[in-house]
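Okay, here's the structure, questions in a sec.
For reference, chains read A, B, C and D in written order, and residue numbers begin at 1 within each chain.
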């Protein structure tokens, strides 16, 4: 065994596929939060990392919630995926780091997730940007006329 | 290096939107087990915060902690925190050297007196007047006692600063102690680990910036959110422990099947840290996932807690020989006690008068 | 000198041996021995729990023979039993224990509890705390020759009666014979038929035997009161007579404790093995039966049972012989519940019968024997111990039960083939 | 002194101290017992006392049927506790690891699930035994402080051991420390309490069996 290649690589599935049985209680929590959203307009969110979830739990949750109409990607220092599930008002939000690892994952029960909305401060910045762009455009236009 | 602009204003100039703040705070909130709804509020506060001055002192250490904190392959979201702080002094990173560097430290302390966060890595040697680690002719103890009173809070980074770490390992030749053994009147947040998980440090600073407070600490001064659970509690191999399926050696069937490493000396059950959830190297893995038991590096005196390869249920010291000594000593004392018993009997037999029929006639003498 | 607390404690120290230390080390206070003791089962009073009766001995053991006991003793923390305690324990040791040994059979850790009671009595008598009745009986045994005051002259008179009744020669002090037959006072005085019965059986079997004018009394009050020294005096008489007459075998009569005293304690009391054998009369009869020398005719028509004398069966090992013999003459023979090694005591063993103070308690605990008898409905009960016979007759009379109590030897003699 | 220090002490020095006290104590107790000797029995025996002694060592482990109806609860709980304690002590994987580490021998373990059930049964049996001790007039009468103390000292290792398998509600370090300390307590008090019966019961049975066997009685 003179080189690294001499060491055999055996690929094994070391992850025990098991369930903590946490999918069902979670779905009931979503039900309560959705009910609350309709009644009071108050949004809710569940941090998927706060619960011990194993592969089976995860698959079950995904299967029951299903795929919905909206799929959005936010690009803010790494991508964030925002998808509405087949249950309207229930969103699956996954934040990725710039190296594509998952930073955080939430089920949000809301009409529109916060991350999709534009912050007033950003909007102001946008307005400033727009104005400065308009300014330079009109200057350019003027310049062209001048020229 | 400080300015009056808010963080949001500074970063906006670099095209970083408020969505990044929200995303950052959402991931910090998730990391620190705060309610997801807090993320929005935290984002607002962080955006409105001024840059935080940080002074970073290194004592008896190996620079592994700093490596852990600064080494990343690509800029990541958590690096946002470096934009949120102003690292006013760090010996290894500071551009200048000698008197200039010392001057910068002095200036940083004076400028943000009572407001800066002091980060310390490495332990402080006390033996022989602390001469075993000095910087610019001053002992570590001297420097710490000078700087710490001016700080708002202290973060002890790594097991050496938090608990004394490897320099303190038996026989502790330099008389190394932890920061908390010296500084008693400042809030100290211990972030132990050898090295500590970088995102934990990020989280602590973010917490301070957004909430203005330090997080809840356990009895060892560690943030509960990261050190509340044991590695064992969050280990993906836990089901095997519960089933009693253990790897018996590093290359047996059990090891290949990813069974529990308890019998190979894993200290996961007694080690409190977030490795099993945050993982290392950008979430690639953590020691147990790589097939090796946890060493327990975020616990005090982990270096002296018995062999890394001795199961937790096994003694850390030699018991069998002591048991043998006990048996030998017990045999010796027991024989002596037996001889004493025999002499009690012999003596009694010799002195007692045998009962006669006349004794039955008389009245008992009291 | 006289008895004293000091002498009592010294006697206990003298008698504590490895088994006793092991027993005290092992007791876990489970209380199961209580359920085996008729004094507890019939009264429901926990103070009658067998192991509790040994508290004075346990204190002595702990204080004198364990390391921590010795250390505590140095600081005055391990106390020796006081005289007042021994007074209190006297009734537990003498009135409510018949040395029946049933508790020793059930102890889960294997303690021979009655072995210890026997040793406690050594201390009790040496400290002067023995019942008056037992003391008097012991004095009479040593000074007159029998606990009931039977003298050699009384024996001679009874021999004359028996010889007349049976028409057989009843030898006295005849040397060189096979068997020396001992008697108990009760047999000489209350059940004189026994002597004749034995004579008839030996005559039919054609074996040589004798009685002794110096060693006619088999019972041993010294053992019952718990004094090895006094018990040895009584055993020595028998040994001397047996050796003088050069007999092969000494026969212990129908008496339970006499058998234990001579057969099992005897050599240890006199400090040397015997030069002769010791057998119970039932052992001898069963041997004769096996050799075909004991032939019977006619059968009893009554429903009968056998009461196992504790010292003979549970503590003596003579279990099968009485059953073999009884089957010869009693076809309708049934066993009581718990018969054999777990049989319940008559209530008067171990010197209790000689202790007048204990009588009310003894009568009360007879209810256990009554329960046993009520279940099988017999009209006669056979036994092989005069003391049991006395106690059973008393108990039956007190409970108005119409059951005859018979001696097995006498029963066999009645059926001897002509 | 934090919990980690106490744990390290319990795994090392504490265990050493406990094992030394245990072995010294047990040896003293046995020797001071053995050396009291017995007088040789001069009566002619009917059968071998030695063989009879060994027979009783084993036969006395079987339940007394005579007492089954009177003290059934006591007997059944007693069996469950003793067997359970034995199985848990010798067939739980981490315990085997401990013996392997100390003496270099090991044997197959039982799955944790089975150990857990046995532990629960043993704890239940201990509580039944306590209830019996308190309710039964004889046992209550006989019981001293030591009986209750030894009961508690026997319960603690089982209880802390059980909780150790369920660390979601408790800190493993704290429970492991409590477990080790409770075991060490048990070892330390062992030679000086009725716990000695674990050794001496075999001698008691042997003596009783031998004395009876010489008389031709099987006990």
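What we mean here is this: contacts are C-beta pairs under 8 Å (C-beta built on N, C-alpha and C of every residue); 3 or more make two chains touch, one makes a residue touch a chain.
All values derive from a computational prediction rather than experimental measurement.
Between chain C and chain D, the least number of touch steps comes to 1. The most distant chain from chain B is C, comparing centres defined as mean Cα coordinates. Taking B-D and A-B together, the chain pair joined by more C-beta contacts is B-D.
In whole angstrom, the spacing between the mean C-alpha positions of chain A and chain C is 94. Separating the centre of chain A from that of chain D, both taken as means of CA atoms, is a distance of 59 Å. Taking the mean of the C-alpha atoms as each chain's centre, chain B and chain D sit 39 Å apart.
In this assembly, the C-alpha centroid of chain A lies 33 Å from the C-alpha centroid of chain B. For chain D, residues touching at least two other chains, in rising order: 28-29, 32, 34-37. Contact of a single residue of chain A with at least two other chains is seen at no position. Multi-chain contact residues of chain C (touching two or more other chains): 16, 65, 67. All chain pairs that touch, listed by label, are A-B, B-C, B-D, C-D.
The part of chain B that touches chain D in the complex is made up of residues 219-220, 230, 232-233, 241-244, 246, 262-263, 269-270, 272, 299-301, 304-306, 310-320, 322-323, 325-327, 329-331, 333-335, 337-339, 341-342, 345.
Within the complex formed with chain B, the chain D residues making contact are 2-5, 7-8, 11-13, 15-16, 19-32, 34-37, 93-95, 97-98, 100-103, 109-113, 115, 165, 167-168, 171-173, 176.
Of all the residues in chain B, the ones that touch chain A in their complex are 8, 12, 16-20, 22-24, 26-27, 29-31, 33, 35-37, 39-40, 47, 73-78, 80, 234, 236-237, 239-240, 256-258, 277, 282-283, 289.
Across the interface of their complex, chain B is touched by residues 1-5, 7, 10-11, 13-14, 16, 64-65, 67, 70, 83, 125-130, 135, 138-139, 142-143, 225, 227, 229-230, 233 of chain C.
Residues of chain D touching chain C in their complex: 28-29, 32-39, 41-44, 46, 56-57, 60, 64, 66-67, 70-71, 74, 78, 136-144, 147, 192, 194, 196-197, 200-209, 211-212, 215-219.
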